[in-house]
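In the part that follows, the structures are each spelled out as structure tokens.
Same chain, two partners: subunit A is paired with subunit B first, then with subunit C.
Up next, the complex of A and B:
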């Protein structure tokens, strides 16, 4: 078994406010091998973005705080690093693509400059050299290199997202975290952007964490998938294993809510009843038990351990332990 | 861009004509007779009547206004009723001092205000935030005359007694050293406005997604704040600075009095008090021109700051 590029161990992140403590991430474990691509799925508020921001140590503080856990990147614990060392990792070794391309680029600087800034900072070259690199990067995401001197408002939403992708890739990072990169785009543009991400992943051989609430998106680009619910990972495994053989009642519910065009019999979706619990008042035991069709007495008392049910396919549910 | 500037300058003309009309009308219908004013209360009525005829005061209102407008084209604003000198010369004697003082004061205000605003916004709800806001409040609440007198006491009187020379002269105008104290006195009063607006604008910008993007690139906090955030936050700051600059150009009677500066503020107050209507008209017209120009400068600064606005200037 080769060494992991990224290992998250028992990560807890809380948002501490005057009104109470929101437990956004509650003990997640994740491992990612070099070059591997992982999809992180879950509903809004499941803690996906918080987990991702934790890796870069960019959880807004206050109110956010990483309570405990380890985030090992190349064998070094990022949570123990100094801010200065972290800055050398951000945008260089690990970079992030954010959700909303309309607001994630600074409106008063040219896109070339925004990409070049990144390159100049980490590779210790002049801004001019950085602009050259920016030109290459834009070409890579199928934007004419001549547009480096254009401002963000001169690009469409899909193009801006590609600019952000180019920016994230500019320093050849070992890991890219894409936080719902297609959610803010319309469907045709989504497909385009996904195509580009997929193509680039094959070309540049970096690892990818793709955050999405859309299982379809994750299937497009990922080899493995982790399902998050209320700050915990309830099921994780290879795309094939999870898609064909989902075990956790929440995952089953999630797949039940995908419309199937070929299935003409069922005209209605099968949504999971209820809502995800408020992170301020998580239930005792397994956080899913109030909505779980299979809930047992034990579920409201203890938190289930993660069990390997297939090769590298883990489920946290008492049904399988 | 040049076309835009030309368009704006041309559009100033109707504004200024409107201003002259309103000012002229107000002054015309204000009670009091300029001829009597010029000759004194004791002058014989026949003399006054001759004077009224000579000054064109017996013509219909519209003719008088027409004559005034015609005069403007020759930079002839009439004769000051109290000194007998041309109004144009009176204003030109005072304007440079006021412009220099206002420019110095607004620079002081921007310097203090922007820095205090950034400190307050980046450390929201901490001692620094509270401290910066307290100082801002202090600056705006402190009477100009008091701060002015205290500074004179310290830098002119006390300094002279202790070190044998005057650090900043307490009166007069001309050198940079003359400018320091009045600029600080006026600047601190206006810095508070700029501090507040910088703080709120920065707080707004620091929440934006692109700031998170900038941080995720590994930029250090100083670059994030002073380059990525500040430039976006400057728009309201520039607006406020422009307005404050306009207020400053209106002249500060008290500060000019304390430091014996030959500025517009005193000129305007004196001319209003003595019903010197030609001078009042001239001064207000000057302000209208300056205000329009400052507004244009602020709009051009917008374009320099934000490329999205530049596109709209055609």
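Up next, the complex of A and C:
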């Protein structure tokens, strides 16, 4: 067992507003080894993006606040760092790819300049040298290097997302967080972008956190998957283990909502009834119990501990404790 | 086949056009704006080569030719001290144009920076800066300038400071609103993710994206500041005699309007033409930079 690159311990993030406190992330624990890729799945509002932004300490503040917890990166607690030290880490050691490639690039600068800026900021080189690096990076994501002098509006959506990937990778970060990088793209382009991400992971040996609400996307690129619900991780394990042997009622519900092309018998999907609770008024005990088909009396009283049911496969549910 | 080839060519050509070229292309189609631009270029050349163009020095007197009407020797006549009006207007263009540019420059840099800060940080910073701007705006511009010049003493420098301060809030507002909308773009977040500092984001990402409204506002403001400055000089609060600032020329000619109409009329026309030129160009730029009016 090698040391973990990233360890999130008991992280709590709240959004404190005049109307009340939204508990977006409620005590998540995650560990990521160097070179490993983890998928973070869950519905909209489950706290995926907030968790990711916490790692970079970019939760918008106000109203967001990291209440407690530890985020250890290479053995150092990021929550104890000064803003200046964080700036040196962002983009350099930890990078992020955003959801919407259409607005994530500055329309007034060439893409080469924008990639070069990242390099220049962290490696103490001139923008000119950075452009050279930008050329290499573009080639890496299969865009002709000659296009460094083109403006963002001259690229298609899929290409822009690849430009953003190139930008994120330009400083050889140890960790990349991809926040639903394929959501804004159409399906064929999605596959292409995922293919590129997958290929690059092998080439440059970085770790990846892939945030998505699509289990298929996560399956493509990740080795492990964590399922989030209402700011908690309800199930985490290797792709194999979770896909073949999902235990948590919520995860079962998620898989029940995927159409199965081989299953001609059932004509309807089996969605989980109800909605995710409002983060301002989370239910007592297990947050899933109001929707859970297997809810017991205990579920509304206590929060379940996470239990290891297989090798590195954890489930937080009283059914298994 | 032939048509296909040409379309390919056209699109290839289009691709290389930057935003600047695109704007220029659209501006060129606007006849009024181009007229304004040519006038401005003409005025700028006159100001630069004033010493070469002007037939006389701005302070050169000829007591044998006092209050003479336009003639071959003095195209626009002479004033009560025997000075050539045309030469004084030509030399005065230097003063008036530089007043316009310098005061707008003051407003642009200070106002732009404050507006960007207000929009970027929001909340209390925004409130503090913008309420202060409101205070300046609440005082009528002219009276504010009069008060300031009276307090500092009448001189060209103080005039420029007064008018400059007066234009700050206009720029602050324009840039604030523009930055507020651009800062919501994800590329700002993306810049943060790669480790950019706040100032870097403001100067490298937000302000360049707000350049279009800034440019329009600056062009229109130059005309306004020239008017205000001339007005103050007219009241004796700006350029002091014998400096040939246009407003001061107007003021000097006022007393002789019935015997020598040319003394006040021609400087007035010079002011009018200059302001008109800047306004025409400003309006043209606004249209050319507006993506909704493409083509």
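Of note:
Just so we're on the same page, the second predicted complex is superposed on the first by the 321 of 321 C-alpha atoms of A that agree within 3 Å, B and C clash if a C-alpha of one lies under 4 Å from a C-alpha of the other, contacts with A are read in each partner's own complex, and residues count from 1 in each chain.
Convention: a residue touches a chain if its C-beta (ideal position, glycine included) is under 8 Å from a C-beta of that chain, and two chains touch if they have at least 3 such contacts.
The structure presented is a predicted model; accordingly, all values stated were derived computationally and were not measured.
Once both complexes are superposed on subunit A, the partners subunit B and subunit C clash. Contacts of A:287 after superposition on the shared chain: neither subunit B nor subunit C is touched. Contact with both subunit B and subunit C is seen for A:108 once the two complexes are overlaid on the shared chain.
In the superposition on chain A, contact of A:87 is made with both subunit B and subunit C. Shared-chain residue A:304: touches no atom of subunit B or subunit C.
Using the contact criterion defined above for the overlaid structures, shared-chain residue A:181 touches neither subunit B nor subunit C, since it reaches no partner. Once the two complexes are laid over each other on the shared chain, residue contacts for A:69 go to neither subunit B nor subunit C. Shared-chain residue A:39: touches no atom of subunit B or subunit C.
After the shared chain A is superposed, the part of subunit C among 26-34, 44-52, 62-70 or 80-88 that runs into subunit B is 26-34, by C-alpha clashes.
Touching of subunit A by both subunit B and subunit C, each in its own complex, is seen for residues 56, 58, 86-92, 95-96, 98, 100, 103-109, 117-118, 121-122, 151, 164, 167.
Subunit A meets subunit C in the complex at residues 56, 58, 86-92, 95-96, 98-100, 103-109, 117-118, 121-122, 150-151, 154, 164, 167. For subunit C in complex with subunit A, the residues that touch the partner chain are 15, 18-19, 185-187, 189-197, 204-205, 208-209, 211. Taken in their complex, subunit A has these residues touching subunit B: 56, 58, 86-92, 95-96, 98, 100, 103-109, 117-118, 121-122, 151, 153, 164, 167. For subunit B in complex with subunit A, the residues that touch the partner chain are 208-210, 212-220, 228, 231-232, 305-308, 311.
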